[in-house]
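One structure, as structure tokens, below. Some questions next.
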Amino acid sequence: MTGDPHFGFVIAAYLVALAVIAAMIVATLADYAGLKKRLERLAARTGRGLDAERK
Amino acid sequence: MQIEASALSVERGGRIIFADLGFRLEAGEALRVNGPNGAGKSTLLKAIAGLLPLAAGKIEIAPASEVRRAELCHYVGHADALKPNLTAFENLAFLAALLVTSAARPGVAAVEAALERLGLSAVADLPAAYLSAGQKRRAGLARLVAVDRPIWLLDEPLTALDAPAQAVILEIMAAHITAGGVIVVATHTDLPIGTADLALGRAAHR
Amino acid sequence: MRTMPNYANPADFLRLVRVAVPGTTAITAILFGIGLYLALLDSPPDYQQGETVRIMYLHVPSAWMAMFIYVVMSSAAFGTLVWRHPLADAVQKSAAPLGTSFTFLCLVTGSLWGKPEWGTWWVWDARLTSVFVLFLIYLGIVALWQVIEDPGKAARLVAIFTLVGAVNIPIIKFSVDWWNTLHQSASVFRMGGPTIAMSMLLPLIFMTFSFTFLFVTLHLLAIRNEILRRRVRRLSMLAASAGEAEVPVIFAEPAE
Amino acid sequence: MKQNGAPLPSPLGALLVRDLKIGRRIGGAASMGVLFFLCLVAITPFAVGPDLALLARIGPAILWIAALLATLLGLDRLFQADAEDGSLDLFLMSDTPLELIVLVKCLAHWLLTGLPLVIASPFFGLMLGLDARALEGVAASLLVGTPALTLIGAIGAALTVSLRRGGLLLAILILPLAIPILIFGVAAASGAMAFLTPFLVLCGLTLAALALTPFAAALALRNGAE
């Protein structure tokens, strides 16, 4: 299967797919982590925030 | 420090805003400029700050110094010079860095102290867009405390401020006067600190 | 007795996310496992294109996702305009970047798939060009979200643009096809012909479902992010107004 | 000499950091330039037709015109935003010369708009069927040419700072002045044999712009201030 001269394009395509999907996952989780941190900081100041989430 | 203006007249858009105006302020004195809207209060302040060209007359500062008059002045107009998506601290830190002079090199501590003085340290790290009108006004005035400049030109500094906040501003102005500074303030309200008075409006329509 | 979970209420929705996401993640993983196995190992090369046909198993599903996500976004936009519900705003806003990413993936895999055959990285083929225009619309939507400060207003304005875009997509599709045939370009790009052999259809189906479940998982997480982002904004304003109350009444002390 | 706590950055450093921050945060228009550039490049084939051979011939011209318009139409808020919120008055009252402030604002604008164009141009060039050598030519000429576009555009921005609909007028004013940059830019970009000569002339134009435009823009700002 890897004998095909154009096999490089298949690998490239799957690598790009992996990169895009990984970027989406990482971005979503990082965004969540950042928001939780800011929520905790704000909760400390206004006494709400996180506990509102566990309501 | 003494500032003297003589035979001042400023023209904007072909219209004489005021003509043949004069005043003299010694160190530790304040001048209250009042008059109907459009009488040229803001224009006078901007002219003193060097933001507007003088049609006639001159403004002299003694002791003479090679620094431009504008660099000795603080000008606080109606706009608060705050960028909405920057935090109150970032805004003030930038303005302090911008307005630094050879005489006064404020550091980060001076910026924090200024915010503390104006009661803004609790909201220092919030974007300016989230601040109330009163807080924005105080943030705008905070640069007076952060950077030390002798001549203060204040255009309606007390608007949009509640009683406690006005008290803080008056307190700061009083402190500046006792420290030998000079203030020219355009306002309708009378001020507890002793001020000479300069009425605009009648002179403009001679 | 717990009332029926009303998923329109953000707090209930957050609990839904905590429950549903592990499940959909597992399903996505399994589907990808099978799909990739079929796509890469268990399906024959194309008699003409050879191995490069395997790129189709990425290109076609991502094209399908680009359209599917736009439909999701448009229905959320409709929800925003009709019911003005913050959850619809969150669904709509969180779908935009995901849609943009899948459309970008579709364009890149399309270019990689076409290169061996045409010798250039890009050909203005009708289908590829339509996806490209959809990509421009997605970029416009993401940009519009970033420029308007107030979340409520932003949601309504973007909703209007999204629905206007939705109406225009078929028109664009038709005119691009006509444009393409008008300037009959030399090479005709065949995207896996009408009758795909079963051995190729199976991996295509599995990959499409795995992409879809991947989107569902990420979308649930992203909606939660938007809910928390709006809560952070509200609490920041609360902190600002709380700060208002604490004007230090210090004029009693002598000036320092 | 009052010196307390960590020192603040220099005025120009603080200005550069501030403008970059504003550009990238919510409401900032950092990515608008590149998106507009992409849209302009994208619509050309629909007008000219999908024939890659033809597109390759006019590719450099399309990319340059798109870069020119994207830069100019992104400049109308360069000074207007500061004028509206009062920052411009404070610039005039700083001991840092206004000319340097103008230069730093142009640098910030170029980093947010010009540089992304240069980085994106090879990818968009692919859509116009340009070969590797042409892509290099376009990227190199844009890298050197876009600063000049921003600098000359800054004069237009300073002139139209107090106008309501300054954006279009800015383009109308500055397009004629940008013609030399366009001529040598496209020549360098598509120059099959003579790349160096037009490229060096372009460098000269940019350096001249770097030296002269801040004075003109600062003058316009001082006179425009109401």
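A, B, C and D label the chains in the order they appear, each numbered from 1.
Throughout what follows, a residue touches a chain if its C-beta (ideal position, glycine included) is under 8 Å from a C-beta of that chain, and two chains touch if they have at least 3 such contacts.
Being a predicted model, the structure only gives us computed values, none of them experimental.
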> Which chains lie in contact with each of subunit A and subunit B?
Replying inline: C
>> Report the chain whose CA-based centre is farthest from the CA-based centre of subunit A.
In response: B
>> Closest chain to the overall C-alpha centroid, by per-chain C-alpha centroid: which is it?
In response: D
>> Centroid of subunit B to centroid of subunit C, CA atoms only: how many Å?
In response: 51
> Any idea how many Å lie between the Cα centroids of subunit A and subunit D?
Replying inline: 33
>> Rounded to a whole Å, what is the gap between the Cα centroids of subunit B and subunit D?
In response: 35
> Residue numbers in subunit B touching 2 or more other chains?
Replying inline: 84-85, 122
>> Could you pull out the residues of subunit D that touch at least 2 other chains?
In response: 26-28
> Hey, what residues on subunit C touch two or more of the other chains?
Replying inline: 149, 236, 239, 242
> Every pair of chains that touch: which are they?
Replying inline: A-C, B-C, B-D, C-D
> What residues of subunit A sit close enough to touch subunit C in their complex?
Replying inline: 1-2, 4-7, 9-10, 12-14, 16-17, 20-21, 23-25, 27-29, 31-32, 35-36, 38-39, 42-43, 45-46, 48-49, 52-53, 55
> Across the complex, what residues on subunit C touch subunit D?
Replying inline: 111, 120-125, 129, 132-133, 136, 139-140, 143, 146-149, 176, 179-180, 182-183, 185
> Okay, in this complex, where on subunit B does subunit D touch?
Replying inline: 12, 46, 49-52, 67-68, 70-71, 73, 75, 77-86, 90, 93-112, 140, 148
> Which subunit B residues qualify as touching subunit C in the complex?
Replying inline: 84-85, 116, 119-120, 122-123, 126-127, 129-132, 134-135, 162, 164-165, 167-168, 170-171, 174-175, 178
>> Residue numbers of subunit C touching subunit A in their complex, please.
In response: 11, 14, 40, 45, 50-52, 54-55, 58-59, 62, 97-98, 101-102, 104-105, 108-109, 112-113, 115-116, 214, 218, 221-222, 224-225, 228-229, 231-232, 235-236, 238-239, 242
